[in-house]
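These are the structures in question, set out in turn.
Look for subunit A in each of the two complexes below; its partner is subunit B in the first and subunit C in the second.
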Partner chain A sequence: MAPPTSTPTLTRRPAGTDDGAPRVKEPRQGAFARAVRRNLTAHAFLIGAVLCFGFFSWYPMVREVVLAFQKTENGVVSWAGWSNFVYVFNDPDFALAWRNTALFTLLALLLGFVVPFVIALVLNEFRHARGYLRLLVYLPVMLPPVASVLLFKYFYDPGHGLFNRLLELFGLPAQQWLQSSDTAMLSLVIASTWMNMGGACLIYLAALQTIPGELYEAAELDGAGLLRKIWHVTIPQTRLILSLLFLMQIIATMQVFTEPFLLTGGAGPEGSTTTVVHLIYQYAFNFNNYGAAAALGLVLLVVLAGFSAAYVRLNRAEQE
Partner chain B sequence: MRSSGFSTPHRRRTAVTFVSALTLLSLAACGTSSSGDQDPAPGGSADAATPLDPKTKLTLTIDCMPPAAKKAELKQWKEDVATFNKTYPNITIDGRSTPGQCLEPPRFTAMLKAKSQPDVFYAYFTDLDQVLDNDGAADISAYVNEKTVPALADIDPDVMKVLKKDDKLYALPTSNYRMGLLINRGLFEKAGLDPDTPPSTWEEVREAADKIAGLGKGIAGFGEYSAGNTGGWHYTATVYGEGGEIVGPDGKAAFNDATGKRVAQNLYDMRWKDDSMGKTQLLKWGDLQKQMATDKLGMFLAAPDDITYMVQQLGADYANFGMGPMPGQKATLFGGNSYMIKKGISSDKIKAAVAWLDLKTLSPGKGQFAWSRTKADGLPVGLPQPAFFTGAAKEQDDKERADHATMPVENFRAFTDNPVDGKAEPPKAQEVYKVLDTVMSTLLTNKDADIDKLLDTAEQQVNQVLANQ
Partner chain C sequence: MTTRTLISPARLSRPRGRILYWTVLFLVVAVFTLVFIGPLYWMVTSGLKDTEEFARIPPTLVPDAVHPGNYGEAWQVMELSQLLFNTLYYAFGALAFQLVLDVAAAYSLSKLRPVLGKAILGAMLVTLMIPATVLVVPQYLTVLDLPVFERNLLNTPWVIWLPSVTNAFNIFLLKRFFDSIPRELLDAAAIDGASPMRTLRSVVLPISRPILGVVSIFAVVGVWKDFLWPMLALPDPGKQTLNVGIYSLASGVPENWLLAALAMASLPTLILFLIFQRNIMSGLTAGGLKG
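For the complex of A and B:
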């Protein structure tokens, strides 16, 4: 007979050593069963979401990793080692696409990060018609992206587009906008900023409204002007939101596709708007090379994940 | 202190189970792509050669049934199904229609990958390699013969050749085209040009484009693509027309020569010296058609069915268009559409598919070649496309087409009376076109373009693409 124990054993008995003593009930299973019973309704509600995520999000991710190391020839799927990655790195447009994507991200940060913040600052100062102005700023977000992009296609037309007409009114020379490799990328960024800044503006505005008025009053008493108040009060008080949106902006802009695809046909003048995601699209849907598309997608994922991790760590270190 | 009832080993076990399940799921998914799911035809190839037993009962799914918006075409489809069912009363034709084009490359490649294509599916001539790579089409060589397709001997051998690989037949044609020069007759007349004799050399094209652009009001004389890989496609067509090659017999880029440079220089001159190509560039398929349909463009390289698109979708008038041969006339890019039959379906289904395609797309006087019906339904008759018959079938079809023409067929006389040899697309066509697209977009958007440097870079990149496996 087993000696009585004050604490139940956590290990199973080896097979064939049963001496007829009553089994000690395994507390882990019991705890698990109790936990399941206690949250049965919650688990039932979760099942749908988990299945959806599993099927439409996690499974495709796993498949992408698998595809990146496979090739299909004459209907036979085989492991390809690193050959898809070699193909991608040997593509003459590989470096160009990364350069263009980096340029778009940089310009989109300069414009798309600063402009909504400045607009939010201005909106925050208004005492009248604030709701109307907010709606006005948010309106472009409600337009379908394709409609917005096509609108800009007409604005940018070098012959009779709105922008060149406006330049003419002020006696300025007409620009080629999307038709020149010098201005095509900037034109994409302007369109993208207009389309997307509404959401960022509202988030900034909400953050600005949480800043206590006393801080500004104290700064004024210390003789701070407008810029100093923004630098010493507004930015530190909204740093968390700014960091978050900065990160999200980078992740979103590095995946740019709709704007170049619709405005410049993808590659643009002299290939100046070929982006990484457009290259992925070309591999998958024009070249039928899903392996290469998955490989480049994986490279992009690694870059974005690495960048995100570094940034989050930096941010955490700053806060500590 | 634990926050939940899960111990560390338990959590590890759960994680291991989850990862194993995902791995198994992935491997299972990979397994579905193997080529072992072919249902062999009972009775072997001798059995395959015999026509379908009229008593056979089955359901056949078929791509590209006209959508409800195309009433006349849908009516004809239903009539053809009824005709088919007179011979094969137990076969159900389950037509699948798609809005817009029958085949959109992104949807098509995804469909092949998912193996969700119907039993009989629509494909471009150039899709054969990618379909076979995805194990998507059945070898129908044994099923197609003089008994099952009576007009087989009269189908252009060049067309049949592109539907074969290693001497095995994988598709049957539904339409084919040879590229030529599409003109706006109204603008030709306004510019003092003769629309009955369209330009046949690039010197003549340049001269005519200059005169048409001289009409002003934003009218361009000649238009070209330079985006979405279509620019590379047209650069290829133009080089072919001048007798050049894109990829030589040695498998390397062959366009960086006097011909390739002459083509590039001519486009550059029309764009920047003559200013006869309009200001808006980076155009792709669909853009030039809109310009021409609204009388803003005088000429562009196209296949005859672009006219149908402009009339049916953009409201233009057939009488306003004409066609000439490909400038240069040394060769022209040719292509077309076909139907393939899904690999793995039963032998009877393949026979039924061949019988349906024979009726619908391969018999003079029937299906798509029933020109009297087409005319009665208010659809156009008289375009020089499809044109894949030769011999007696061609004679019969030409006569019926002329008898029921609903448009001035003499507008296409310059095109039909000056047939130019067809030439297939280069290997790795889309990847090569992507590189050549940059050549076109640079020529048409950069006034300081250095043609020698441009073609040197493109040659190097195309060689890189061709060597990249």
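For the complex of A and C:
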């Protein structure tokens, strides 16, 4: 298995020299054979992961595109042209699902983007109990989603749920929460923010700690108050990480599935929580219409691709 | 830890500043405890109540009578031991596959640098840009009838283990860490006559413990928290994960039992978190960003 180790003088430098022809100071004879053997070893290390990617990532990616242009009738598969897309675009649920997904994303950004940042800002000021508070914020992330989701289902119960008790305590009117089309989406977003914001909080917190203190001192000399310090120092200094998480939030929330599926059965009252991914799920697993599911999947992919590309570009900027 | 932040230390050390600081700190600690521990407390104690007390309005803060038996009943009726075993089996199997295959791949891409290595890495990273939920449908059809092998993987552990290897993010993390290991160290091992496998085992892996820890935790937690994929790929009730199993039994059992079951299902990852919190948190922020 092990290749001969008689060539310790490889002085390859990275970047661009992946041609498998290392500079070898020994007799030229055998250099090619060694390069072949070296490559074989390297590929032997890679093969397991590559096969998994091939079967479970790359092949499904191709298949997704193929499926979108095929239809199955009575077990016979044939090319369908754009008919799957036409079907999907004409489905009355299409517009509804996109509207709901956009609404969810917007609300999730308002809550899930702003709240963690504010929490991180506040935690960063503390000199005590910081470890404890950080632990608390991240706690829900570690819970299995059924647990957190079913807990919220109880809290949202209009009859004897905890939230209505709380509202009552403050003299506010009781809400229908998940059972009314007006509040179902908001309820989803609150639950999902509680479940998922821990990661963002910790990342912001880490970013805040890299801001040089002198900047705040300089701002104070210029007479800046608290809000202006945040606006002119904190936000510009964390701009990159903020925009990265902003894009990541959009990408993640537009794919929301588990929370509505578990909390409102997916569609919710009057379809008010039908999301795009839930529609894909319905096409595929309720109606066995894989073509429509794949077509809608491609549409979602194209929409998200823009955000993904921006994310990758920003991420690269951050790595440098 | 004494870096300068938003509020100036001078202001904080004034009496008024100090009072304000402690008031806000106390409030935040109280509110956070309520918001984040409160639900867990409610879950655990509701599991201890009997059905009559559970339904009582207003709910009791501390159970009048404690019924730890609920936990036993839920464990039995919902066959939690089976579900727990399944989940552990899937999670640690996935961990093993990821540790072996992803580490080997990252090592090869970082240090052995074969022909086409860059292209392969690129193709792996591209999968990060494809929304996972878009791929669920073709992935499902693929495991129904795996090409070449012509096997139906549904209801087998492979359906969790093998796709878990396609975690490009972990490969990226590992590769970036391996990249930071000085070339000289590996060359020295090669001069001493170590094969690539031996170098990996005796030189690279021992240095890489921190990143391996992070990757392992994410691997286990990933399987533990996944819902849609195991629900589709493991329809057999005897093969299900905790998440899916409890969800599908949720409407058929008394609510106090259900809450007891949820409390038990939450415990393993919470314990994992409390033990490894430092690794998890540093991995989260140092390893970059993950959705």
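Definition applied: the second predicted complex is superposed on the first by the 261 of 320 C-alpha atoms of A that agree within 3 Å, B and C clash if a C-alpha of one lies under 4 Å from a C-alpha of the other, contacts with A are read in each partner's own complex, and residues count from 1 in each chain.
Just so we're on the same page, a contact is a pair of C-beta atoms (placed from the backbone, for glycine too) under 8 Å apart; a residue touches a chain by one contact, two chains touch by 3 or more.
Model, not experiment: these values are computed from the prediction.
Enquirer: Would you sort A:223 into first (subunit B), second (subunit C), both or neither based on which partner it touches?
Expert: neither
Enquirer: Considering only touches as defined above, state whether A:160 meets subunit B (first), subunit C (second), both or neither.
Expert: So A:160 meets both subunit B and subunit C here.
Enquirer: Touching A:176 in the superposition: subunit B (first), subunit C (second), both, neither?
Expert: Touch partner of A:176: subunit B, not subunit C.
Enquirer: Look at A:48 in the shared chain and tell me whether it touches subunit B only, subunit C only, both, or neither; answer first, second, both or neither.
Expert: second
Enquirer: Taking the superposition as given, does A:144 touch the first partner, subunit B, the second, subunit C, both, or neither?
Expert: In the superposed model, A:144 contacts subunit C only, not subunit B.
Enquirer: Examine A:214 and indicate which partner it touches, taking first as subunit B and second as subunit C; both and neither are also allowed.
Expert: It touches subunit C, and subunit B stays clear.
Enquirer: Does subunit A have more residues touched by subunit B or by subunit C?
Expert: On the superposition, C touches more of the residues of subunit A.
Enquirer: Using the touch definition from the top, say if A:284 reaches subunit B (first), subunit C (second), both or neither.
Expert: Both: A:284 reaches subunit B and subunit C.
Enquirer: After superposition on the shared chain, which partner residues are touched by A:271: those of subunit B (first), subunit C (second), both, or neither?
Expert: Touch partner of A:271: subunit B, not subunit C.
Enquirer: Under the contact definition given at the top, report the residues of subunit A touching subunit B in one complex and subunit C in the other.
Expert: Correct list for subunit A: 58-59, 63, 159-160, 281, 284-285, 290.
Enquirer: If we count contacts the way the header does, which residues on subunit A are in touch with subunit C in the complex?
Expert: Residues in contact with subunit C: 1-3, 5, 8, 10, 12, 14, 18-20, 38-39, 41-43, 45-46, 48-50, 52-53, 55-61, 63-64, 67, 121-129, 132-140, 142-148, 150-151, 154-155, 159-160, 162, 165, 194, 199, 202-203, 205-206, 208-209, 211, 213-214, 216-217, 220, 226, 229-230, 234, 244-245, 248, 251-252, 254-255, 257-258, 261-262, 277, 280-281, 284-285, 290, 293-294, 297-298, 300-301, 304-305, 308-309, 312, 315.
Enquirer: Hey, which residues of subunit B end up touching subunit A in the complex?
Expert: Residue positions touching the partner: 4-7, 10, 22, 25-26, 29-30, 33-35, 105-106, 109-110, 112-113, 130, 132-136, 218, 226-229, 278-284, 343, 428, 430-431, 434-435, 437-438, 441-442, 445-446, 460-461, 464-465, 468-469.
Enquirer: Would you pull the subunit C residues touching subunit A in the complex into a rising list?
Expert: Within the complex, subunit C touches subunit A at residues 1, 3-8, 24-25, 28-29, 32-33, 35-37, 39-40, 42-43, 46, 55, 57-59, 97, 100-102, 104-105, 107-109, 112-118, 120, 123-124, 127, 129-143, 146-147, 162-163, 165-166, 171, 187, 190-191, 193-198, 221, 224-225, 227-228, 232, 242-243, 246-247, 250, 255, 258-259, 262-263, 265-266, 269-270, 272-273, 277, 280-281, 284-285, 288-291.
Enquirer: In the complex, go through subunit A and note every residue touching subunit B.
Expert: 28, 31-32, 34-35, 58-59, 62-63, 66, 70, 72-77, 83, 87, 90-93, 157-160, 176, 178-181, 264-271, 281-282, 284-288, 290
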